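This report refers to the structure that appears directly beneath it.
Read from first to last, the chains carry the letters A, B, C and D; within each, the first residue is number 1.
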Amino acid sequence: MPRRLAIFLRRMAVVVAMVIAFFPIFWLFSTSVKPYDEWAAWPPVWISDHPTLQNYRIVFFPKAARAFAAKQSGSLDYKVSGSAWKAFEDSAIISTCATFLSILFGTLAAFSIVRFRTGGPNYAFQFLTVRMMPPIAVVVPIVALFSMLRLADTYFGMILAYTAFTLPFSIWMIRSFIEEAPQELEGAAMIHGMGQMEAFIKVTLPLVKGGILATALFIFILNWSEFLFALVLTSGNVVTVTLQVANYVSASSGKLYGVQAAMGAISTLPVILFGYIIQRHLVRGLTFGAVKR
Amino acid sequence: MTPRLEMRGLSKRFGDVEAVSKLSLALAPGEFVSLLGPSGCGKSTTLAMVAGFEPPTAGAVVVDGKDMTGTPPGRRRIGLVFQDYAVFSRLSVRDNLLFGLEAQRLPRSERKRRIEAMAEKLELGSLMRRRGASLNMSEMQRVAIARALVTEPSLLLLDEPMSNLDASLRAALRGELKLIQKQLDQTVLYVTHDQIEAMSMSDRIAVMRAGRIEQIGTPEDIYHRPATGFVAGVIGDPPINLVACTVKRSGTKAAVASPLHKGVELESADMPDGEHALGVRPHDVKVSRRPRSDHLQASVRFVENLGAENILHLEFGSSLLAAVTPPGFAAAGEDVWIKAEPRQLHFIRRDDDRVVRAKGA
Amino acid sequence: MKRLFNGIGPSRRDVLKAGATGLAGFAMSPLLGRGAHAEQWALKNIHETAAAKAKELAGSRNVSLKIMQPSGSLGNVKPVGDLWTKATGIPVHYLEVPLGEINQKVLLEAVSKSGSFDLALPATFGIPDLAESGILVNLDKYAQKYEPTDYQKDVLYTIGDYYKGSLYGYQTDGDTYLMFYNKDWLDNADEQKGFSDKHGYALKVPDTWEQLDAMMEWFHRPDKGMYGGALFRTQYFIAWEWWGRFHAKGFYPLADDLTPQINNDAGIAALEELIAASKFLYPGARTNGLFENFEAFGKGDKFADIGWGGTQKFLNSDKSKIKGRLAFGDMPGGMVNGELLRTPYFNWGWNYVVSSVSPDPEIAYLFSLFACSPVMSTIAVRDPGGYFDPIRGIHYKDPQIQKTYTEEFLVAHKHSMINSIPDFYLKGQGEYFDELRVNIAAADAGTKTAKAALDDCAASWERITRRMGKRSQSVQWHFLKANYPAGIRDRLK
Amino acid sequence: MIETEARDGAGGVHAAGALHVEAEPVGRSGLLARLGIPFNVALVLPAQLTIMVVVVVPTLIVLWLAVTDWQPTQDLAWWQAQFIWFWNFNDLWYDQRFINALIRTVFVVGVCIGVELSLALALALLFVEEWWWKRLAVSVIILPMMVVPVDAANAFFMLFNDRGPINHMITVLIGRPFTFSWLSDPTWAMLPIMLCEIWQWTPLMFLMVLTGMMALPQNQVRAAVALGASPVRIFRRIVLPLLMPVIGIAVLIRSIETFKIFDPVYILTRGQPGGATETISMYMYNGAFVYFRMGYIAAAALIVLVLVLSICIALSKPLKRHT
């Protein structure tokens, strides 16, 4: 029956798309548990017969990993790096603080823009241009400026940079949430003697708190995943997870596939988790609220 | 003569729910038939099956004698007008009309001829270059109808095309639509929940209820001789008056008693003993300002002035009754005398909702 | 001790002096007066004296040292740091940055002057840029004060420690580029006969690039799973091989007036030979970095490999199928005027340098003196998982190090170290070399002819030199040239 | 400071007279009042100041650096750098590597956006209907956009390794060993980078298009079906035009983001081999942080900024209109 066949073919196409979407992630996780001699074997090992946690040990417990390697022949005597704990700690601190500031500043600004039409119709757009410029174009002067202000390679400097570059997202996303909330309720509250800010905080904010939470998670993801600023604005005092991934890579000595994959798998897990929590709002975020779902 | 459209025992099940059940209906060429019923009665499903968007669970759709049940919508020679008109908003009116013709691969000259003819008939000349999105409701309706008709379909299906319009526009468009249909001698299946639309335009009306056709007939029939209490209730404005009545059978005869009348007899086989309902249309209630021997007294509670006529809401015993009179006939608080002819009484069986008429009616 | 490493020519220090004094008009010779004060500081226990001095300098102050090091070098740095802390009470903190990024990070500190580190371990070739940026402390004054006269005599390669005649940091890593061969294949009598029948000379560790190329071609039988070589062809590595091939033809990369000579006939021939040799490499050569490279050579199905001490650490481990079946050699040379010219090449290395914004540069210097002392550097080099390869003569006698590398290898390594030509230690090294890399990779990929690639590169070099300041570059170039190993210096044009 | 404002606002201190007022701004702290800063302006101040420090001031610094030859290796602070008029721009004009990087980036944007959009449309068409594991399918398909880009790039590095699974699959397909070195071939090295970008961001495009398709006026499609048009014609003449606004936004936003492409290039090739994969961001990174030619790269940055911003602002009408 051709109709049945058509449906079958369409479902097959969906399955193929799912496989393609999942495959690189599968490979990342699969490699992360491969012992050293299977990382770059030919033919490649798809699923290891000898899965090991050694790569994860190298990431988190370099000393223990080394002791393990010494006992086990056939295990990699990798170059010793520091533990990745610091990277996770730093990334968590920076991402959380930057997210908080971005959301706080963004909410205030969005409130002002929506309720008072502050700055006229083009004002909000001005923030978007921040997102349009390639960060690499301003990275050189930021390095110069941050050096002057003693902000290079500090938490505060990173937080400042991340806050600024996520503000367009938070302002535009929160703006779209506030616009959807009914203004009449605020008006009613003000008739009952609340100030406008109070009315906003007590009436509108609870209505849009789900949206703001989604925005916060979204911005956290952006911060957590950021690489270029981390690469350029830090020099060892601050280490982010994306940098730590690069720490297992080098132009001269090749890549530690398994270790990198382990680091990649762990660093990407929270992002995927948060991503699914805010799945409904992800598109809105990535399109500055232009596409709602 | 082959019917333009024939539905043969059409049924549709969605899981446990039977949306349409064994529905049969035939439309003669040039006939205007309405499917009338409240929302959820299965009329839209029927339409979807006829148009080809829903495959029927059982039964067949036959157009011009050809079984079209498995044919995709585009090849059924059926024109379709949607409730929201579905005018292609990104295309010009001309392109809207062209759309179906291009699909039919007609020669260019023929397309042009048809479009111009249709534009003239529906007075679309000034709209041809406008984008679909820029039209108002009545313009859209005309474009939607023109778009369907220009393909010269065997059958035109209209799905509640007036429900988005305001009342005054509706009245005007009803006439317009009927006129076009007559001019073109176009067979139409018209789906609506509005009895006025159905009554005013249809050659025949099929009243639907819970997936079945309750009654098929001319507007006349349906109005004066409703087959069931449901039909009687659906048709008519203001709605039919319902009064309780009692049936007492003796031998082959059955006597009905109600506050409105005395001594009407029915065939005893038609109605069992006991409490039933009696329906009488407000237009059929005769009202007199003076007492008459065969009239009953009632008092006017309030008056609804419709301009051309008044509706009196009468207090009559323990029940309320509406009656239509010329304007200024009576005022609130006055007493009037009323009567209903036995042949205009519709006795509605409590058990199966069937309407039974008085003997000799 | 001097005898031990002094295989050829005068000692390194003598060479440096010669280079410096040979340049009349440039006052850059504090070397001569060096060590006057430090007479009483003996080399043997310099680590103790340096630590004691540091402790004294720190006094009751709360001093700590921050070291910025490339990722993966903790195994070399931390054991020494721990001993330092034990000896001085001065704690050491480690900042790890991606290996490829460390020079950039040190340089950016010149801009930010944030004092984020006291010591760093940049790659040696970046010292000219870093010195010019002002972020490095010119160590001459401290060396004069503390460095024992014979401190560097035992160090096999020190050119990279100096820029324009001044000391900027101590070398920690013997990163000379040398060759590994499949000994079984070399020793196979049938192969030997077949090869010498065809080429008229014996199949043995090759002396020249020409011989190496011939041998790789000879052994390249992909259908039998045998490959000629595991030389690098990724962009980052490819220029080094050409650098060796080019020097082996008897030329400096720059003329005395800084005109590039890289695009002369020798340069073009060297590049064409390199491209021709690409045919005899194993399939992964074009993508593989160091790690994948020695892993591949460890399979034992390839004839020749190029690499550093780290390569040997792997090849000599249980993971390598070729363990114990290896022959070693300098990077091949060439015949110049009928005589063999070898130009081994020191192309990486890490130097301890002191930050000019460190609050305690003197203590930081003392740490580098401590860490590079014979005893401490031996401990650092011992780490089997680190980067550091033997650099001092004394390292070659350490049983643990001998076990890691094999004595046979160490002989070759030492020979190569002593004769190594320096990398291109000029300001803008990154730019010069990247230009070279891009062009050579393009020529190897076939998108440019060898001549066009080198002409383009030479043109870029001229522009870079002009931008960097010709006078300044000229000073360093002449200093560098004067410090090429003596036996080679005289034969290069 | 921010909290103070909020509290004062909540206290409902009345004050009037803000710029661009629609609803009258109410509530102002004492300090702000004395400074003459209207309440609504005070609200945007934190955001605006942050942007000032991190974006506006640096942009001004770019203007200065672009006319200097500043390099950190000169041991000069950036404000002491030597003024060299417009020589940087002159050099850039003749810098084939810069021009190539620009052209290459535009090429990458074109290819990636084209492929992403086509795939997204095709996928979205598969997802208009309902079936029982549709939600699962959507969840899996949007997975890539949640992966940290650096990790995604690493995964693709492994996939396209000469001994990676891609070559393995090709080997199995063609039946003889295939160990092509994708990342070191000047002709092909761009492919894994673009595939990585496409893999990661097609899901976003897909979700946007699907959102648009779900909101499509269904009856227009049914009307077209009833008129007998072929699926292709319906898609081209009815669906696509209706999707245009959403597609416009998707293309605009993705183009902006793709133009900045850096992470996969850095991880996969760093612009190698022979500069064959050097996008504009990679070029500027190499120039600024490998060669330390800060002044020169500032000039390049200025050109790119002017280019990108003018194009973006010109094309941003859909974004403005839509919101």
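Going forward, contacts are C-beta pairs under 8 Å (C-beta built on N, C-alpha and C of every residue); 3 or more make two chains touch, one makes a residue touch a chain.
Just so we're clear, the structure is a prediction, and the values are computed from it rather than from any experiment.
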Between subunit A and subunit B, the fewest steps along chains that touch one another: 2
Chain separated most widely from subunit A, comparing mean CA positions: B
Chain pair, most C-beta pairs within the contact cut-off: A-D
Separation of mean Cα positions, subunit C and subunit B [Å, integer]: 96
Subunit B and subunit D, separation of their C-alpha mean positions in angstrom: 58
Between subunit D and subunit A, distance of the C-alpha-averaged centres to the nearest whole Å: 15
Inter-centroid spacing, subunit C versus subunit A (mean Cα positions, whole Å): 39
For subunit A, residues that touch 2 or more chains besides their own: 40, 144, 231, 246, 249, 251, 255
Set of subunit C residues in contact with two or more other chains: 101, 108, 111, 236, 288
Two or more partner chains touched - positions in subunit B: none
Touching chain combinations (by label order): A-C, A-D, B-D, C-D
Subunit D-touching residues of subunit C, taken from the complex the two chains share: 101, 104, 107-108, 110-111, 129-130, 132-134, 233-236, 283-288, 427-428, 430-431, 434, 438-439, 441-442, 445, 447, 467
Residues on subunit D engaged by subunit B in the complex (per definition of touch): 217, 219-220, 222-230, 233, 237-238, 241-242, 244
List of subunit D residues in touch with subunit A within their complex: 2, 5-6, 8-14, 18-23, 25-27, 39-41, 43-44, 46-48, 50-51, 53-55, 57-62, 65, 78, 123, 126-127, 129, 131, 137, 139-152, 154-159, 161, 163-165, 168, 171, 179, 199, 203-204, 207-208, 211-212, 246, 249-250, 253, 256, 259-260, 262-263, 266-267, 270, 280-281, 284-285, 288-289, 294, 297-298, 301-302, 304-305, 308-309, 312-313, 316, 318-320, 322-323
Of subunit A, residues touching subunit C in the complex: 36-37, 40, 62, 66, 73-74, 76-82, 143-144, 146-147, 150, 152-154, 231, 234-237, 239, 243, 246-256
Residue ranges of subunit D in contact with subunit C within the complex: 69, 72-75, 77-78, 161-163, 179, 181-186, 272-276, 286, 289-293
